[in-house]
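Below you'll find the structure, written out as structure tokens, and then a few comments.
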Amino acid sequence: MWIETKTEMEEASRTRASFSRRVLNGLLLCSGDMEHLDKYMKDKSFVLQLAVCGLRGVTRVILANNPLSGGLILGALYWASPWQGLLGTLGVLASTLTAVITGQDSVEVAGGHHGFNGMLVSLLMGVYSSAGDWYWWLLLPVFLGSATCVFLFSGLSSFLDRWDLPAAVFPFNIIIILYLLCTGPEHPCFPHHSVKPPGALEPNATELIALQVIRGIPLGVGQIFACGDLGPSLLILGAVFLYSPLLAVHALLGSTVGTLTGLSMAVRHESLYSGLSGFNGALGCMAVGGFFIFSLWTHLFAITSALFSAYADIALSNLMGTVGLPACSWAATLVATLMLLLTGSLAAYRIPTGQVRAPERNLQLRSQWEAGNTEERESADV
Amino acid sequence: MWIETKTEMEEASRTRASFSRRVLNGLLLCSGDMEHLDKYMKDKSFVLQLAVCGLRGVTRVILANNPLSGGLILGALYWASPWQGLLGTLGVLASTLTAVITGQDSVEVAGGHHGFNGMLVSLLMGVYSSAGDWYWWLLLPVFLGSATCVFLFSGLSSFLDRWDLPAAVFPFNIIIILYLLCTGPEHPCFPHHSVKPPGALEPNATELIALQVIRGIPLGVGQIFACGDLGPSLLILGAVFLYSPLLAVHALLGSTVGTLTGLSMAVRHESLYSGLSGFNGALGCMAVGGFFIFSLWTHLFAITSALFSAYADIALSNLMGTVGLPACSWAATLVATLMLLLTGSLAAYRIPTGQVRAPERNLQLRSQWEAGNTEERESADV
Amino acid sequence: MWIETKTEMEEASRTRASFSRRVLNGLLLCSGDMEHLDKYMKDKSFVLQLAVCGLRGVTRVILANNPLSGGLILGALYWASPWQGLLGTLGVLASTLTAVITGQDSVEVAGGHHGFNGMLVSLLMGVYSSAGDWYWWLLLPVFLGSATCVFLFSGLSSFLDRWDLPAAVFPFNIIIILYLLCTGPEHPCFPHHSVKPPGALEPNATELIALQVIRGIPLGVGQIFACGDLGPSLLILGAVFLYSPLLAVHALLGSTVGTLTGLSMAVRHESLYSGLSGFNGALGCMAVGGFFIFSLWTHLFAITSALFSAYADIALSNLMGTVGLPACSWAATLVATLMLLLTGSLAAYRIPTGQVRAPERNLQLRSQWEAGNTEERESADV
């Protein structure tokens, strides 16, 4: 009897272990870049392929590449505002389809590289529009703007390729500025809100509320997708966590640094509360966290990048605010581009643009590669 | 008798045919790039050579390269305003001579590459000057500005050469902006008109006159040379037609697209009537028409380029109008540069910068080249 | 007796000659790039090495590379204002140390390449601050700004290296503009003076005083280090003369051209008197004088460069003045970069960026090199 009971218990514990292992494996399969999905998708219908590369495109904004995270983010956007969700979906589809039609590199299209700029342009057009939700005429500039992003992405990539730099969100930043300049605040068809610079003096400045400022930190991650609600922002943060916990830490850290920077420069309270102070810092931090192999050294470097991005954002916002324009993510994009160009001891940690995976995977590949190198050296010694 | 009459008739018809053939050949000799002229000019005097390369320079503005077209355009400018004609002539001569003195590549100089920026700078200085015609002090900045264009053209060419991009009219755009910034509207020696942005609201907006808008389309081609009269504009269009009928079609089409874009964004009426809405579209359309081999695909692409140029022009005009500056042809130049960088299925139609000829000739060379390739392949197969 | 006296006299004269030769040799050892010092410094302590490369960094601003000149310049700054001297010292140290910590190329660090941008940022932060001298909070942005210069210098160098262009003072110009934009004139912690554009009309314009204008010429050399006093400016000019008399001539000449340009465009009197009109011309002139081998041809070219820099400075000052920003040395830096890109007969005189020495030494190296070439050719002929 005793033996049997023991065997049963062993079996039960084994079953439990194998179950939890299976769950873990399932989670691991769903996190990271999900490269195994590509093989599976090869013989599927065009619509399904488009959906997957659209979802990958959604996550490219935050330097991730995972269709499930993309689904979560889209869900968060629909949660925050169904109209914004619709605009984002249309934007990512319009620009991905334009890329297919103009015959862009199919690997790039499948990786979602042509979707994220169009999505951001659409979302921001919706946010700045003062015509209210469900204003259907807005779909016209949304389609045109998203499609134009493909041309800019392709052209800028050719240009920046000489330094192995990505085109990043430069196309989005250019198109949204051109759109806002084109229409102006009092345009008969496409009116939009005027933008106040963060350094503008407030006539009735009230006391700063610490809790609101802390609430601005996760909002800073949501503001990358122009989302200013706490719930959806936390869901977006969750989506980043699903792709890579390390990246999520960088996002939060960067947003914190950005908010502290905003505090140090005494920007408008609204800017701190809404998370607008934090999102450039978050992007700057994530860019270094994503494009460099993780180590203590690069971590400090990521914080420097967040700091520089946040200060540059305040400066650019003040400059562009004089003509009523927002600084979008110009600061983080410029600073990240600069950081990728850096020489010195940090350059050794830089991952070539085409080989960037989730930070955890980069770390693993690096270890494997170094182990391989050591083995090779050892076998050569023998 | 019958036989003789028949022979006579045959002979007469043959004579007529040979005459029309000769006329056609003569016309064909005068159209396109007139490369045969270069051989003929080799042992001619310096003044004659300078005249020819100056006239070639005049046509480079509209991406053409034909001394006869250049003569027609100069004639059109003198017709519109003798003072403007004189300024244009001096500008093209000043910058070509500066290029000779500073020892620029002689093939480039002979091709008129160093003349067109100087010419545009001079014309625009004349147009923006509020001191009236025949104000001889203006020749000082005209000479200095035209000469500086050579330095900018040479420097920018070195820079852009890495991507096989032309310096295009960047030097003109830079110099004219610097000049206008330097002097300011109320300068004691060189006063100039302040520029109204196209999006500025009109207090007493009248009804739009359709005929005036249609008249603005050919004026858009003339505005490339800062010429706002209908007759001279049509003559300039004729000069483009002489060089290449295809390019003339692109010019008209681009100007139409630009005017429609202006209508869609509700710009000031004056901007539509004067052709200022159309000229960036025309340039954007011609750039793609000139630098890509003609096909249905590239034709659609040229229209896209015109559209993008026109919208970007409105945006930049609104931006630069806030400090009283005109957007010149920044939009078309930037968009055309971007289009030349494009990857994807369109890149296969791109002609290397040094090998661009008239669009018809490009088409012919491509056919020959493809035929040659097929033959080669066939002979290789045997 | 006679013989002895003669011998004595000969000996005396020989002693005198050898003394003056020794003095001359000593002076020659102290002038130029002092490359012999590098060997001597190799086994010295870190602090001494840091001091020398800091002093080299101080002179890099004026395209020189001589620790003694650096000492003189620092002395001049302390003479003009001890607070400014302190800021300059801290700036050069902060950025050099950052370069050491981030593992920048040690040859570059030793040559002072990472010091000069930080120094300029610190000096200009001090000059624009309206909080008065000895405002210790200012050290915070001084340290941060100087440190950030290293990142910008490293990133921009990677970018510009493709055309063998130096990063020059681009980092300084970017950081100071971002700092001024970030803080704004009425910032609670870091207030600063607003900048008047040079083209601004003066309500009570008085007669121009010729002597003051002439006094502005040497001040133009001092203004490179944001120093507006005559004595220290002359000492700075002396420091340039110690490094290279030719460069000092270029500096004065450029400042003169800049002042004349300011006169021709009728800028504000204050701008002429303070030397602010001259310093961009001086920098533009020195850049060509330093990066091209001296000859009559390049001398004319240097004057052209000074002229262009000075006009571009007025234009940019008017543009940036509309948002209350100074043009710093943007004009000279951009023009010098353009000049280094130039093709044509002048490109033959261009010295590769890594091989630039004092102008006199460049001339000598060129002669030696040409002589070597001739000898080689002769020996090859034999």
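Here the chain labels run A, B and C in written order, and each chain numbers its own residues starting at 1.
Just so it is clear, a residue touches a chain if its C-beta (ideal position, glycine included) is under 8 Å from a C-beta of that chain, and two chains touch if they have at least 3 such contacts.
Computed from a predicted model, the values in this text were never measured in an experiment.
With angles rounded to a multiple of 5, the C-alpha fit of subunit A against subunit C returns 120 degrees of rotation.
At the interface between subunit A and subunit B, two copies of one sequence, fewer than half of the residue numbers in use are shared by both copies. Taking each chain's centre as the mean of its C-alpha atoms, subunit A lies 42 Å from subunit B.
Within subunit A, residues 162 each touch two or more of the remaining chains. The touching residues of subunit B, when paired with subunit C in their complex, are 99, 102-105, 148, 151-152, 154-159, 162, 177-179, 181-184, 186-189, 323. Remark: subunit B residues 162-163, 199, 201, 265-266, 304, 308, 311-312, 314-316, 318-319, 322, 337-339, 341-346 touch subunit A in the complex.
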